[in-house]
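What follows is a group of structures, each given as structure tokens.
The same chain A turns up in both complexes below, where it pairs with chain B and then with chain C.
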Partner chain A sequence: MPRISVDGRIIEVPESRTILQALDETGLLMAGIDVPHYCWHPKLSIDGSCRLCQVEVEGMPKLQIACNTPVADGMAIRTRSERVCSARQGVMELLLVNHPLDCAICDQAGECKLQDYAFEYGADASRTREPRRALKKNVELGPNIVLDQERCILCRRCVRFCDEVPATGELHVMGRGDRSVIETLPDEPLANDYSMNVADLCPVGALTTRDFRFKVRVWFLDDVPGVCTGCANGCNVTIGVSKNRVYRYQPRRNDAVNDTWLCDRGRLSYKRIGSGDRLAQASLRGTASAREPVSCGTAVAAAAARLQQLTDAAGAAALVVLASPHASNEDLFTLRRFCDALGVTARGAAVVLGPQDRLLMKAEQAANAEGARRLGFGPPDALLARVRCGEAAGALVFGHDVLDPAHLGGPEALTALETLVVVDLQDSALARCADVAIPVRHAAEREGTLTNFAGLAQRVQPAVEPGWEAWTDGEVVWRLGAALGLAGFEGAYDVRSVSRELAQAVPGFSGIDLDRVGEHGLSLAGVGS
Partner chain B sequence: MGPQVPLITNYLTQHFLDDAAVGLEGYERLGGYAALRRALENSPADLIELITSAGLQGRGGAGFSTGLKWSFMPADGELPKYLVCNGDESEPGSFKDRILMERGPHQLLEGILIAAWATGAEKTFLYVRGEYERPAEALERAIAEARARGIVGTNVCGSDFAHDIVVIRGAGAYICGEETGLLESLEGKKGQPRKKPPFPAQYGAFGRPTTVNNVETLCHVPHIVNNGADWFRGFGTEKSPGTTLFGVSGQIARPGLFELPLGTPLDELVFEHAGGPAADQRVKGVIPGGLSMPVLPADQLDVPMANEFLRERRTMLGTGGVMVMDERTCMVRASVVIAHFFRDESCGQCTQCREGTGWIHKLVERIERGAGVMEDITVLEDICAKMEGQTICAFADAAAWPIQGMLRHFRGEFEAHVVQRRCGFAESFEL
Partner chain C sequence: MVISPETRAAIDEAIARTPQPRGALLPALHLVQAEHGHISLELAAAVAEILGIRSGDVMEVVSFYDMFHARPQPRHHVSVCTNLPCSLRGARTLLAQLEAHCGVAAGEPTADGRLVLGREECLGACANAPVLRVDGTYHEKLDSEAARQLLDGLE
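Moving on, here comes the complex of A and B:
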């Protein structure tokens, strides 16, 4: 490995990298060694045009751009010399010559690299007296992205993203020189499945998402690390929260999962958290068809009573359990123990399939379908056949994925049963006909781990609190077990001890521990190992 | 006989007055393609050695050693490798390549084929400036003739060497004369210079090893092969051998093309060969090498036209396009024209160039209008300094240098505009 010196500090860097790549991979870039940059991005091709990352390399007469200069053993780099600082100041001044400086009404303010670097590396005052470029504002490039051409600094990250990642190439630089603008072609809107990433890539306020703009000032947002629950890929996200409300998902870099990207569908799936169709109230079906609102405790007690009645009358074999592929590993492990204790063998998990692609989108539309499989909740076909042919008397159903046409196609078969207990995030047709309906928490409202399609366990933690009484799937199961007097469900539910027990009890999950999973996940051993 | 012929000729242009020498028959009658046949008997390495020892410098503006450039090409390795002949000639004030292509197409083809043999290229893209319709036609005609005679094709002059030449027409952008901007344009993309590394010899046209040579550069090659390095070194200066084609234009009695040895003094060129300014005028400044080179004031014209001397006066030979301005010319107004050109032609990739060219133009335009302040002049100098040497290609330098030259030698005129709040000159040309 080549050893280079940066401002006198000797570091070992990977071979065949440029200076910026090497600093990025050693984790030092903008975290110990500051080389400001606009056009360079770790996941895009090198452009070399913004010229902000110029550094002094010993033995080279001109300043070199760190993004495109290969490292070599013994190379000595200076990132803070007077020449470097003066060049940076020059770039900053020139970038601001045509910028509208409308930070007061710009959504990017507070997370704007132009603001940050102007403050850090720019001059104190402007010397330009010339009129600034008057260009198009509020241009709808596609369904999700709005462009302000005046704010653009032409780093062309967005153009390269569209060319290289979804490879749809909708964005172009039209014109030359200081008439250059980002545009789409007529009838070719920016409408690819990943279009909103350009707003993250844009270092300034030129590209914003229609969903987020003008909703909240970013400095009011807390950033909570989380995982997108849109599909089985488990893309890492940063959840932007203010006053107990989620305003956005942004991709959080995880090179093993989603690089720095997020699909638009997943990004907008944060809306499920605060959505109006959440199941926000436990209920019992009264004698009439009306639902009687009750506390979660009452609902759990009622559910336990019904399940007791059913198993007493027809035995555990008459009960089917459908786990939720959205629940956490800890939830599912708790449910597995519940089934074992009760003697229920008819277990499975219904998963809805959707569109997939070669990038991030996976067919399984649930964040923990793989975890469910690994914990013994496999395809529900045999179990659903029993429901259809009347071999089952009752069902304990988590989630409503089973309503998908690929499974039952509707609630009828389940509502025909003697007993139907539904535990769900959303108020679906199933919850509406259940004997007992119990609300649960979203992944962004709880502690736990999710296993993505590749067997990577990733941690979620509470970003917001639901505005109503709700437990996690695991806690509901725990309380059900306790109410039924099952062994192993004594005391209060504690997700940490469940997590430790999971690690001990299930070989594939050995080593898993909430606090050991880390911000980039922990790979589980293969199934059966 | 076309009207555009050199006023002074030497080995490159000696037959350009003769219409009969333009076609293949006439060219061969005068000994054409003998150099190619001789070259094919020599190894590529020997040819590169010959051109290197002749000291041929690229005539496209940068003056880089042609032999050295050829030696950068990987000697073996996978085909295809390419040669690109740069006939974009977009530098304002330069019109030599046009005449070389129109009047001596076979001389250029012979140079191309020798260079192709030396660099192992299997195909040449001859990139001709979009506006150059006649040169492109002349070349197409010449290529057809050469192909019919077996000079271009699968067995060049009966040898095992196969080479094809294709004419590609540009669309009129200055930046497509920059070698990697040209390569992008050649590939059908927007003309924007590429970052280096990689260099064209590693990753050139369509990602293959490529040598890019200027038209005039290649035209010298057959003569060196025919007559030897020592003969070539008999022209010009020790460091800058050979002749070159000076294109003289502007406020001058006899504008035109002059093939003279490098090192010919600028004042001799302007006053003797080109006849000096109009009878009642005096020369005020001369741009020695195309619009991108810094101007020289009247008292600094006693300089040999070769880079080693011009550099001492903080300018360069460039493409040899000499532009003469007499005392009627407002240098601020001339600066506006220069700044406008570079603002218009900047490709817009690099921050300094995109924003700097626009700012410079707005500033000098405001000073010319009489609306400038003294600080503007300082700012102008500072922007130029910050553009220089910091971008992907040399365009930003090309935009900054002429303005720096104007400020260096004619700062008083800028200050006068500010103080008098107007331009003191009669409008010699429209903006």
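Moving on, here comes the complex of A and C:
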């Protein structure tokens, strides 16, 4: 491995990398060694167009761009010498010659590399008196992305992204020199499944998402690490929260899962958190068809009484339990213990299937479908057949995925049931016909781990609080177990002790402790073997 | 609009001279423009298909070079060099005056289809700046009055 010196610091770096790549892979880039850059991105090809990453390499007469200069053993690099700083200042001045001074109304303000670097490396005042170029300020590149051509610094990250990642190539640099602009062809809008990544990639405020623009100033947002719940891939996200409201998901880099990308569907799936169709009130079906609102505690007690009645009359074999593939590993483990204690063997989980592709999108439209399988909640078909032909007297259903046409199709199939307890995020048709409906928390509102399609356990944590009384699936089950007097459900529900018990009890989950999973997840034992 | 068999044969000849088909893009564009007067999206798509690239790649090149036209062109091309030496000798002011005189912005053809004003990169006659070119003929050391008369004399 070549040894190089950067600002006098000796580091060993991987072979055949450029300076920026080596610094990125050793984790030093912008974390100790600041080499500012616009056009270079770790997951895109090298462009070398912005010229900001120039550094001094001993023995080379001119400054070199760090993004495209290969490292060699013994190379001595200076990233903050006087020559480098004055070159940076010059580059910044050129990049800013045509940039409008509209930070006050720009969505990127606060997370803008142009602002940051101008502050850090640029000159205090502009020396140009010429008018700046006047271009289109509001170009709809596609359904989700808006372009401000004046703000663009032509780093071509978005162009390279479209060419290289989804390989759809909708964006082009048209024109020449100071008349260059980013454009699409008239009949080819930027409409690929990953289009919104270009707004993250854009180092300035040129590309913004229609969804987020003008909603909130970014400095009011708290960034909470989370996991996208759109499908089984489990892409890592940063949840942008202000005043208990989620404003956006942005991809969080995890090279083992999603690199630095997120699909548009997943990105917009944050809307489910604050959506108007959330189940926000526990309820009992009254004598009339109207639902009677009750507290969660009352609802759990009522559900327990009904389940007790059912098992007393017809035995645990008459009860079908359908777990939610959106619930956490800890929830599902608690449910598994509940089923074992009650003697329920008819258990499974229904998963809705959707579109998939070669990049990130997985067919299973649930974040923990794999975890459900590994914890013994298999395909639901046999159980649903029993429900349909009236062999089951009661059902405890988590999530409404069973309503998918591939499973039950509609709530009519459940009318034969004596008892239907629904524990769900959404106020679905299923919840509306339940005897007892109990709301639960979204993955962004709770603590836990989710297992992605490849068996990687990833942690979620509360980013917001629901605006109503709601527990996690696991806590609902725990309280049900306690109300039924089942062994092992004594005391208050504690997700950490459940997590520890899960690690001990279920092969594969050993070592998966809530506090050890970390930012990038841990693979379950036996994965890949 | 389609590329004629003759033009197609000439493009194929150009391809045969380059290591990769896409290397023949510039000759192909010259040939297509010679045939049709401009390179429409449709023609760009046809060229792209021949060369195995995207029509966007072709349009990038068409938009890059001032001598390629994406739209049908008027009868006369008046190009004012706006490169550095000409600009220092007042070319940009001259262009603005001609725009005002013709009532159109550079790049926009006049309504009667008579002429289009354009900016050109270096015409290689810096010693006699400012320079403008009318359909391939150079007119040098121009002041705005002479340039206006020149334009008015075009059919």
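Just so it is clear, the second predicted complex is superposed on the first by the 526 of 529 C-alpha atoms of A that agree within 3 Å, B and C clash if a C-alpha of one lies under 4 Å from a C-alpha of the other, contacts with A are read in each partner's own complex, and residues count from 1 in each chain.
One rule holds for everything that comes next: contacts are C-beta pairs under 8 Å (C-beta built on N, C-alpha and C of every residue); 3 or more make two chains touch, one makes a residue touch a chain.
Everything numeric here is computed off the predicted structure, so don't read it as measured data.
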Next on the checklist: Quick check on the chain A-based superposition: chain B and chain C, clash or fit?
Outcome noted: clash
Checklist entry - Looking at the overlay, does A:128 come into contact with chain B only (first), chain C only (second), both, or neither? => result first
Checklist entry - First (chain B), second (chain C), both or neither: which does A:173 touch? => result both
Next on the checklist: For A:186 in the superposed arrangement: first (chain B), second (chain C), both or neither?
Outcome noted: second
Checklist entry - Which partner does A:63 contact after superposing on A: first (chain B), second (chain C), both, neither? => result first
Item to check | Superposed model, chain A: greater residue contact from chain B or chain C | outcome: B
Checklist entry - Given the touch rule stated above, what does A:8 touch, chain B (first), chain C (second), both, or neither? => result neither
Checklist entry - Which of these chain B stretches, 77-85, 185-193 or 383-391, gets into chain C when the structures are overlaid? => result 185-193
Next on the checklist: Shared contact residues on chain A, chain B side and chain C side combined as an intersection?
Outcome noted: 173, 175-176
Item to check | chain A-facing residues of chain B, complex | outcome: 173, 175, 190, 195, 197, 343-359, 362-363, 366, 375-376, 379, 383, 386, 389-392
Item to check | In the complex with chain C, residue positions of chain A that touch it | outcome: 169-170, 172-176, 184-188
Checklist entry - For chain A, which residues are in contact with chain B within the complex? => result 46-52, 54, 62-63, 65, 68, 70, 86-87, 90-91, 93-95, 97-98, 127-131, 153-154, 173, 175-180
Next on the checklist: If we count contacts the way the header does, which residues on chain C are in touch with chain A in the complex?
Outcome noted: 41, 54-57, 59-60, 63-65
